[in-house]
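Listed next: structures, encoded as structure tokens.
In the two complexes below, chain A is the common chain; its partner is chain B in one and chain C in the other.
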Partner chain A sequence: MSSPFHSMIFWSRRNLFATAKDVALTVMLVLLSIWAAYHFIHWAVLVARWDVVSDSLRVFLVGTLPPTEFWRAWIALLFVALIVGSMSGLGFAFRPRQMALTILFLAGLTFPIVGNNIPVLAAVCSMTVSFVASWFLVSRLALSIRHVGCFVTGSLALIFMILAPAGMDRWGGLLLSLVFTLVSSFFIIIFGVLLAFGRRSNNWALRLPCIMYIESMRSLPLILIVYWIWIAGPLFFPTWNVAAVTRGIAGFVVYFSAVAAESVRGGLQGLPKGQQEAARSLGLGEFDINYQILLPQALRASVPALMGNILDVFNFVPVVFVVGLADFLRTGEMVLASPRYGDRTYEVYVFMLVIYFAIGSVLTFVARGLEHHLSKGSRRLSELH
Partner chain B sequence: MTNASNSIVEMVNLNKYFGTQLVLSDINLTVIRGEVLVVIGGSGSGKSTLIRCINGLESHEGGTLIVDGYTMPCRTLPTAAGSKDLLRIRKRVGMVFQQFNLFPHKTVRDNLTLAPVRVHNRSPADAAEAAEKLLSRVGLEAHASKFPAQLSGGQQQRVAIARALAMEPDLMLFDEPTSALDPEMVSEVLDVMRELAADGMTMIIVTHEMGFAREVAGRIAYLDKGRFLEIGTPTELFDSPNNDRTKTFLSRILKH
Partner chain C sequence: MTARPRRLANPTERLWRRQVIRLIVLAALGTVITLLIRALEHSLADQGIHFSFDYLFEVAGIPISEGRTLGIAHGWPVLQEYLPTDMNSQALLTGLFNTVSVSLMAIVAATVLGVAAGLGRFSSNWLLRNMCFAFTEAFRNTPLLVQLMFWYFGVLLQLPPITAVAHLLGAVTVSVHGISAPRIDSLLPAGVGLLLCLLAMLMWISTTALRQVNRRARMIVIWLIAALVVLALAPAIPLNVDYPISGRFQEFGGVNISPELAALVLAISVNSAAYIAEIVRGAVDSLPIGQWEAAASLGLTRSDLLRQVILPQAVKIALPSLGNQYISLTKNTSLGIAVGFPELFNVTGTIANQTGRSLEGFLILMVTYLLLGTAISFAVNYANSNALRVG
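This part shows the complex of A and B:
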């Protein structure tokens, strides 16, 4: 008598209806959820006018990028799909059935918005194919983080090179948010690691500046740093016309490198002292001790914190409105500013919420995969027992 | 080269402080090539610190310490040797730790080949071949591709010994190599060390395994509160200790 139905009843009796207090709580919460869900669905289906989303999709996705340059955005998104796919492949085995279900679910969400726009459908399909293919290849060939790291680096450079000729100040919408996050995260992790090791150096001439830098950045507001770098750029390089995006990314890198450095330091401090002693006793030099022994283990330990930092980067991108850029959230305000859609505040912000949540979830998922991949050595112990 | 000299470790009036606390006081010791010296003593007597000074994991504050012909840097005499000399000594002195300290993110093979490749500039293929030989010497040839966490404590410690041997050291230091092991795994590690001693390796061993010490040691040194109270052959020390405190210590440790 252990059918799923029976075990479900058993579970809910033990966990939801064990005492009178439990029953009261359960009933209250269920009623509350039904009430909230009813109102939301009622609004979403009958009241809300979603045409604002499908009509303004271009603005949301790419901002004011001219239609003749859309192909650049699609190629960039293709590479984003490849990056996400290959990083997922590092940590998770490829499971065709789960993958098919996920794609069906996403297709159900996408079709109502995209409609029968053939070029867009083709682009979305090719993105899906490259995402699935990269996941499949990385997990089947058991590629290591080094291969994927090289691939991601190359892809980021390509994305930048493809998008740059369109005019960097015309990037906008979700495209801007994504590229901004990916490019700044790349530098943030590199500089964060360097700063964390610099902070632990035995050489005070290296250690002191690192400590001062990290502590002063952490005590300043992000928005001030972004704004300051934006106005300071032309001050120091008057002849060099740096795009606002680049200056915005620089501001984020300057601030978040210090934050990431603290995450990496957390990982380094958690390492047993014996690791360094064992490496020393073998005669390894300082570089090998740091690069071969301490860094891989520290990164493994700090992946959750670092991924939190990257999520922060993504969620703080709206700050770039101070330097005149129109990121995803800003395009929502732009759409609402037009008289035609002035009364669609709820529709637009629900759409924003869903997209932010979806992307945040994908980032979290990739982070779990990375953790999984990096915990190789210690994980197999539990498989053994 | 001073290698011709017969002694591999020479300590003259060695002093070591932790802060203001004296942990090693006026240690005089000479270890001859091929000798097996066992250091015994109660907890906090300074035995770990003593052997950690020999490969420079700890630095001393006074006296002279010459290892394999090189004068080890001293805090009060910083000119004695630079960090380059320290690296040169560490290449020749292997160390085995109580907690194994294998690199958990590398396979057993990579644990063994990393230092020979990076420090001795050996080719990866060469180093892997040597690693294979060492692993079969410690009876773990089947585990080369595993990660340390997949091995038992005894197996991990044998890998740690092989890792130190991969550098082809002139001297091996053992810091309580069996203290973190379950009792049934102690003998497999001691067997490896016995063979090593029989092959003529110079070894300095800190241990509480008195039976093993009696069997393998050329000399046994009893350390108490940072001083050598007695040094002698196992027979001298175990059967007719001169010092009362040595007697008390031995009776306490041999009782169970």
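This part shows the complex of A and C:
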């Protein structure tokens, strides 16, 4: 009775055909999914002309960056891979077999798009290698969050220095979306932590401005803040000539640091009061209590929420169209605006949605993994006591 | 991670330190704000602009494709069609009207869809459960703006042209110019209808309070509401129905929903529904499993179990997060600018471009969005206190 066939029948009896209503529902849903899947696959394989994606891949990835400056984009992406790899190494143990499977899967997705373009393939391979190597190193050497933090800061500065000479208003495509997300997330977390501590301060002169700032920012639409900082920058600082990218990042930082502050505050509120009291009774000063005792624990507790905030940042980057930047979505619209590809609406949007969904799912997956990982850690701790 | 133990500061010293920090913070804030205002005054003076709200009462001169504005007729404020000869303030009110109406439509649609998808996660049917999961993941992990563009360019602008307009249910027409449906014209003046609606709403609120006291009294009030509605509609019988007529370039008559409005409402409500589904799932998940088991052992059917035991408790847990979701939904209507829908942010931006008054426009927008958010929190808090009272 325990053959796989029987257990399958048992499973479907329980999960698909439990009652008459369930049978009807299952049949309906199966028919509906077959119908939808048939139409989608039929369209994707026979009707859709995917050459628009492979022909315009350059535009999708880097926007209007001139070909002589591509090497900058590749080096920047290499550092992005290093950053993402080392951050993953911080949260997850390195598992060779799972890693190999993931890479094989991604290779299967990448090769049909890239084709036999040797330089691109070489670049993609080196990015993969640096991603895996940084994950491996951080995980095996058990580097602390401080080391990785220093490394990430340095890498971000390097990315900026490498890309800036190409002309900041020429950044575009997926490259812009990624760099934009990374740079703004970096500042968002720093300001978010400061605001969260400011909000908890005993000193009203610190607390009130922080509360006012956080609450008013959270009640405004992001697009309004980005647009207004873009408009008002030259009004406040007429002599400075700030690039649109920087102004866009400033807008994101202004809005999302208020959001991140709430995430960090959630982590701080979850800490037992005894932590602070114990630290105080040891004779630590307020700064040391906050910086050495509360911050590391609060950060650990709020990592999943902060990852969610970073996903929000990435998902809202398309809003920068309002200040005239050409991010991934905008480049897609640019491709569609050319007369050659005017009728490829579905191909372009499906491509963009798939890429966005892939990156978004990875971020969500990492956030869930971290949450699980961290909650496991705390349970082990409580078992010790 | 070695913390240097420090000498414990004595209370007087701490008090002084706090005062000094306070002074420094306030001085720094004051300086920064003053410097910013000075810089602003300087550059505004250079451009020959003076800060004032007088422009609100000048003629707007910009076209707005849809929405209504406040005007004055016979000494009474009325909702009327916006005209380019109206004032800037009336143009802004049109934008506000559009923002509020999109938000209301999306809130209703998102709640219905989101609660359904959230409860679907607890279905006994594996397929339904996983389809609901796929729905939430797909819409939460892709940008709202891309979804909006897809709805607009990929769905609504791909509808048949007006010459090959599709007819649904006999009278509803669907074309690239939007969706048109017959409109039932009431013979009552608009003001009386509005008053009746308000009265019915007040009575409905009173029924929630009556639920505790007396079921019979509640039924009487509900019948009274029904009678009121019939009374309101009675003079309009035979119903005066205004059918849409397809012209060569657009639909005339009836209720017309523009493709921009439809795309915005669809995108925002489906996206928010995915978030609401997660909220509902989290709330239901947080109930102890004993609630399900106890209800099942009492012999309740699955739908009774959900409606009478699980949902009333889950609502209480979910309401605060639902309120936050409604607020962010309202803020997200500002993405309508991407498809050219004339909501508040779009209209304010256009006016700011025309008049050069971006600072004043920003202040107006800020106050308006703050008020909208506050209104939603109030409504949710009211519902919350009501839910707590009932349960």
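We take it that the second predicted complex is superposed on the first by the 357 of 385 C-alpha atoms of A that agree within 3 Å, B and C clash if a C-alpha of one lies under 4 Å from a C-alpha of the other, contacts with A are read in each partner's own complex, and residues count from 1 in each chain.
Convention: contacts are C-beta pairs under 8 Å (C-beta built on N, C-alpha and C of every residue); 3 or more make two chains touch, one makes a residue touch a chain.
Just so it is clear, the structure is predicted and the values come from calculations on it, not from any experiment.
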item	value
Which of chain B and chain C A:7 touches, first, second, both or neither	neither
Touching partner for A:300 - first (chain B), second (chain C), both, neither	first
Which partner reaches more residues of chain A (counting touched residues only), chain B or chain C	C
First, second, both or neither for A:288, with chain B first and chain C second	both
Chain B versus chain C as contact partner of A:338, first or second or both or neither	neither
Which superposed partner A:278 touches (first chain B, second chain C, both, neither)	first
Chain B versus chain C as contact partner of A:352, first or second or both or neither	second
Footprint overlap on chain A, comparing chain B with chain C	282-285, 288, 292-293
Chain C residues within the chain A interface of the complex	1, 3-9, 18, 21-23, 25-26, 29, 36, 39-40, 42-44, 46, 124-128, 131, 137-138, 140-146, 149-150, 153-154, 158, 327, 331-332, 334-335, 337-338, 345, 349, 352, 358-359, 362, 365-366, 369-370, 373-374
Chain B - residues contacting chain A, complex	55-57, 87-88, 90-91, 93-95, 97, 99, 101-106, 114-115, 118-119, 146-150, 160, 163-164, 167
Contacting residues of chain A [partner chain C, same complex]	15-16, 18-19, 22, 25-26, 29-30, 33, 202-206, 209, 216, 219-224, 227-228, 231-232, 234-238, 282-285, 288, 292-293, 311, 314-319, 321-322, 329, 333, 336, 345-346, 349, 352-353, 356-357, 360-361, 363-364
Footprint of chain B on chain A - complex, ascending	272, 274-275, 277-285, 288, 292-293, 296-297, 300, 376-378, 380-381, 384
